[in-house]
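Structure in structure tokens, see below.
Chain IDs A, B, C, D and E follow the sequence of writing; residue 1 opens each chain.
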Amino acid sequence: MQKVIETLLIGLTTGSIYALMSLALVLVWRSTRVINFAQAGQAMFATYIGFEISSRSGIFWLGLLFAIVGGALLGAGVDYFFMRVLFKHANTGPAAVVAPVIATLGLLGLIRSVVGLTWGGEFKTIEAPASTDGYTIGSTTIPFSALNALIIITVSIILIGLALLFQRTNLGLALRASAYAPEIAKLAGIRTAQTRTIGWAIAGGVGGVAGMLVTSNNFLSPYSLDLLLVFGFIAAVIGGLESMVGAVIGALVLGIGLTFILNYVGTSLVFIGGFTVLILVLLIKPDGIMAKGKGRRA
Amino acid sequence: MSGLAVTRLNVSHGAIHALHDITFSVEPGQLAAVIGSNGAGKTTLLRTLSGLKDASSGAAQWENREMLGVKPEDLVRRGISHVSEGKSVIPELTVKENLVLGGIWRGDKADTAQAIEEVVELFPRLGERMSQSADTLSGGERQMLAIGRALVSRPKLLLLDEPSLGLAPLVIEQIFQTVDHLRHKLGLTVVLVEQNAMSALEIADIGIIINLGHVVATGKAKELIDDPALRAAYLGY
Amino acid sequence: NAETGVSASEIKLGITLPLTGAASPGYNKIGDAMNAYFKYVNDNGGVYGRKVTLIQKNDEYSPQLSIAKTNELILKDKVFALVGPLGTANFTAVHKSVGIARRGVPSLFLNTGFSGFGNKKDFPTSFTILPSYAMEAKIAALFLKENFAGKKLGLVYQNDEFGIDALSAFRNAGVKFDVSIPYTSGTQSAATAQTWVSQLAAGGAQVVLFFGVTSATAPLLAVAAGAKYAPQWILGSVGSDPLTLRALGVPVAVLNGALTLAGNPSPNDLNDEYIKVFQDINKKYNTGVAFDDYVLQGMNVGLMTVQALRAAGQNLTRRGLVRAMENKGSTFASVAYSPLAYSKTSNIGHTGYYMAVMDATGDRKPYGGSVVLYTTDSGNGPVVKSTFKRPAIPAKGLPTNS
Amino acid sequence: MRKKIAFFILLGWALLIIGDRVDELRVYQGAQIAMYTIALASIVLLTGYSGQVSLGNGAMMAVGGYSAALTLNNLQTPIWFAFLMAILVSACFGSLLGAAAARLSGPYLAGTTLALAVGLPAIANQFSFLGGEPGLLFDVGFPPERFGEEFTQYKWFFWIASVIALLALFITSNILQSRFGRTWRAIRGNSLAAELAGIHSSRMKVLAFTISSALAGLAGAVLAMTISLVAPGAYSLTLSFALVTGAVLAGVSSLPGVVLGGAILVAIPEIADALAGRFGNADSLNNYLPGLITSVLLILSVIYTPNGPGENLRKHLRKKHAH
Amino acid sequence: MADQATVLSVHNLSVNFGGLKALNSVNLELRKGEVLGLIGPNGAGKTTVFNALCGIVTPASGTLALNGKEVDWLKPHQLARKGIARTLQGVGLFPDLTVSDNVMIGAHRFAESGLIRAALGTNTRDENLLREKAQSALERVYVGSVSDRRADTLSYPDTKRVAIARALVAEPDILLLDEPAGGLGAQDIEWLNSLINNLKQRTSIIIVEHHMDVVMSVCDRIYVLNFGEIIASGTPHEVKNNEAVIQAYLGAHSKEKK
């Protein structure tokens, strides 16, 4: 029983971090209809900024702030200097579906090289903002620390904030409209280009938070967020790319599922485990767990 | 003049020269019907006027200010609303959200709510479907929604591209009445593109007949209807 | 002289290694360290007047790239020999596809502990340098029996040739683990490490052996510290570089008292003559790079390469180099304490380890105060306490052998 | 049809002659290009024609590679049989996966196949008969003696790979030009209309997946041959991404483009290395510049020739025509 | 008329979307060689009737009979084999295929060679057959000259013609046309009228249309739907003067026009 509870607790933390990445992916998907594989790169870059600031000032929160702002600026920059050009050129033909995916993969490589050139390939660590010592209940120490609690609280706050933004505000509506039908949105008076840039900026900021939180529990290198990207994406798909709540649920399902596999089966099955979870969910609900019914076809 | 003035407008789609030296003007508060067969260039004209398409030469002014080269979202701020061809609604949003969208740029929630109520009064069917996602609507319901969304923007110049397409006769009649009504009540200037030439000209002040990208006739709507030569050549009956 | 890669003024050597990518941290320092050493030698007259140059190619640890890059090295850059290539799957693939043996290309000092490369028949022109993983496990097994009999044992191992080699050696030695956790190579997350810790703790393991790379050791130790789980740690030679571990956020307190298998002296041990010389070279020729186990390994491969080249004589040929390794390789000076087993019938380098213990500064010292070296082979041979005396480093670190 | 056969024979002849004239490194690269060509054809068929975006072609290649290696190593069969097994096993696997995939749309499919690409190679670590991390040897043996002393191993690889690639391209191009190719494009354009026209769209999608997987599996076996090994590291996510990249650069819906795509994939690292060499020897620069250059090349080409250079050429010609 | 055989009949068809009753116990009967009109206000359920017939929506209840024999509800891809073809309310061409390829898709049921022959390239005869059939269908709707153009470069009326050609090439016994006149100009509408009149020699047709001129001139009988229920049926004349239909659909205005 204790093992089950411990597994759940670990899975919960893992899942919350996946959730941040999958939220960032869903945000970009919802505001641009692009699966942004560069998200890992952007988050990593933002985290390096956060790393510089927090290691120099010794204040994690200052680093986090800079990571959020840096991530947001980078996200906005990627959209402004990059995606806009891309959409101007690559908007027709069969490539229109894959081109953005490829472009973001290229961007991931680019950011990674720039980071490598700037900071080198060595591992960096960020001092955790809260104790990593597990809470002790009676005589047993559980694998759940103040840092884990902090991560879960942060994720919840971000999720609630974003949900309110998207469902309750005009900006949220404008974001969705610009993504689904830019032309109609323009005719409704929405500055779609700016709106989408805002979407990218928000996602970039969320990515920065994800990077900082992951790194405060682990280490940072030009490659350290890759796995997070893969699992974040799988989580987003499980949740149904349209839904932010779905992204979080998907991430928790995946995080907890994988942790059980880790704890009860073994690491070598983790990846296959992830795949199995995904296939199982999608076979039952092809558009993710939060999918609404299919729209009419004719 | 302070209405809409289009002078020697030329527009191309790549190698296809779609509009040649189009010139016409619409007084404020007037309703202009643009008539022409398929491929005449009517849609191209409206898309150019709303900023979706670039012109290759010419000028177009609304309230004495140039419209060409201005982005669609800025033209909306100058009171120009375009209901594009083919049920331009966003299927992924609910009916309500589609309507709210039209009011976002003004940033006045109360007034948007008011405008939506007016639209629902006009199209009660939309009222019943408010929280349904727009992709469940039938073809005709979507057309109503598209017009409704444009009205929520509280336009001064309304560009309508074939609003009757796919609508039931009763509704078409209703829409034409509505357009007529809006124009009188709100002083809207309307450019109405229609294949349904008769009905359009009946409520129009002026008519502009386009063929193969050229204006072949303009004039008072009543006069156009009565011109037997035009009737035979372009109006189809 | 018509031999490929050798001219009157130059000897061209090549290496493939992960310079970027998930596997690169640490290993990406080896090539530069070798280069630094070669520059030092070149500035002091080179090898019989020839400059030694090393071409590094990045294979990102992918076998396919290793082959492509090795092909470039051999067919385009026309290097004379490969020195210090990394990665087991990588070199297996390279050896077969490129036809290293068939082409007679010497591949010296493979930086992997895979015991399979010790097969002289299949790898006639290749020579290993590290003791194999199997040797390491056999030595660890003896140590466990002698020091921790009756304790509950745990094992975490990388589920590839690295860990599996070790696992079968433990089994042969009759060591049974109460908790045994295999994991897949690659970057390990804190969450993964948490599941290890909770399994180890649940199984009550009092002594835990770890056979994996540093990027996996680090989260394990860090998480264990958080969970207040403190068994006796025994770290394999691969994943135990203290500098790297500390850079990865492992608290020094956890390292204090952890045991580790080691072949080389601590890179901080300035009493060691090799370390002193190498540190000086590093300061001058590899400026700004911290001197750790990886740099030490690179320098040492450089030192051994130069000795091998000298031993092959003025009239340098590939066959001559292989012959020199067979005939004289066992006499080369090397920083590691154990003997080298090169001979006409063996292409195996070092053969032994000693147990070291980390202290509160994260440095490593011989367990029990002085180096107690064990040697063995990868097969069924016994583990024996060795009395081997390591040769002294050539004066100023410049070999004069022939 | 005759013309096409003649063209392919001529092409084979030309390859034979070229293979004789260039040095060994180029011959090896030629074999790699042939391998990529097959793999890219599988993407063109799947993504360019049937409109299903897969990021997991590396996994499919792994299935083919491992089946071929297991056949060759355990049954001591002739090489051609090993390749045949690669095709069959990966086709079976593909049809299973396709059955699941047919229900998924766009990004969901991309996500699933990505997960597969990450997950599948790790299976090798789970079962010892798959050889774990170091993998299994895949040895097609030396060239037959009658080819003479001069005939190198790489030339042998090149021959085998080229013949297989030519056959694969011939068959693929026939299928794509037949009603099957047409049907896939129709489903991609408007699946509802296609169904109403009598097409069983999910069955056709599964078929596309099956054939595409067969091709990918074949490519995986050829890859295994050129590197003499099957190992998880050889079928990494990087490979999957490289393939998608190559497909886009070559034009996803153009079959002839795949040869160019293959050439680009082989050339990019070399070009990047060469360029990096020019920027001097700063170490970190040397390490990251190739990656930087590759990414920039990739980004530029996606932006400026999103449907492959062929499409740009065609557009250019069309414009000229119109004037 | 009564002696004509019934080729398709629908009994008690109901379709629900969540709480919405889109169709409520609809009964329909299509007789051989007739043109049946299906009209009604927007959202009345006309397209839904087609969708149910084509297996795009699942009926909550109801039965289907073809040529007097009761059958299971069809799946979309089975229509062609049962001799039913449908056009879509949008146009539904395959944009990046040529016109000829678009129509050939409709003719696939005549193809005989399988994958293996396609792979070996020995399917030439088949391909030629399909191409010929497509060409003659295109010529029937007067767009034979554009067969090599990509479908998305056509003018709107031409796309509608090609869509009809794609339906016709399958040589259907039953043709379902969803708003074929929508967006067409007067001349094209005239042509459409004559085409439909020609077709009904061998094909039975159901047409959904808001263009009253077309409906009134081509239909033999008309059903009027409103809120998912049939509120009237009969000859065009009867329907046009039905008070309920005028109220719900036609509007008072229509009476004055011819």
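Everything that follows uses one rule, which is that a contact is a pair of C-beta atoms (placed from the backbone, for glycine too) under 8 Å apart; a residue touches a chain by one contact, two chains touch by 3 or more.
Since the model is a prediction, treat every value here as computed from it, not as a measurement.
Visitor: Going by the average position of its CA atoms, which chain sits the greatest distance from subunit B?
Guide: C
Visitor: By CA centroid distance, what chain is farthest from subunit A?
Guide: Result for max centroid distance from subunit A is chain E.
Visitor: Mind naming the chain pair that shares the most C-beta pairs in contact?
Guide: Top-ranked chain pair by contacting C-beta pairs: A-D.
Visitor: Centre to centre, by mean C-alpha position, how many angstrom separate subunit B and subunit C?
Guide: Centre-to-centre distance between subunit B and subunit C: 76 Å.
Visitor: Could you put a whole-Å number on the gap between the CA centroids of subunit C and subunit D?
Guide: The answer is 36 Å.
Visitor: How many angstrom between the C-alpha centroids of subunit E and subunit A?
Guide: Comparing mean C-alpha positions, subunit E is 47 Å from subunit A.
Visitor: Please output the residue numbers of subunit C that touch at least 2 other chains, ranges allowed.
Guide: Those would be 19-20, 28, 159, 184.
Visitor: At which residue positions does subunit B touch at least two other chains?
Guide: As it turns out, subunit B has residues touching two or more other chains at 136.
Visitor: Going through subunit E residue by residue, note those that touch at least 2 other chains and give them in order.
Guide: As it turns out, subunit E has residues touching two or more other chains at 47, 54, 56, 88-89, 96.
Visitor: Which of the residues in subunit D come into contact with subunit A in the complex?
Guide: Touch list, subunit D to subunit A: 47-48, 51, 53, 55, 100, 103-108, 110-112, 114-116, 118-120, 122-123, 125-126, 188, 192, 237, 241, 244-245, 247-248, 251-253, 284-285, 287-289, 291-292, 294-296, 298-299, 302-304, 306-308, 311.
Visitor: What residues of subunit B sit close enough to touch subunit E in their complex?
Guide: 37-39, 125, 136-141, 143-144, 162, 165-174, 195, 235-237
Visitor: Any idea which subunit A residues touch subunit B in the complex?
Guide: 170, 173-174, 176-177, 180-181, 183-192, 242, 292, 295-296
Visitor: Okay, in this complex, where on subunit D does subunit C touch?
Guide: 23-25, 28, 32, 122, 125, 132-135, 137, 139, 153, 223, 226-229, 231, 233-234, 236, 238-239, 269-270, 283, 286-288, 290-291
Visitor: Along subunit E, where are the residues that touch subunit B in the complex?
Guide: 17, 39-44, 47, 89, 155-157, 179, 182-188, 210, 212, 248-251, 253-254
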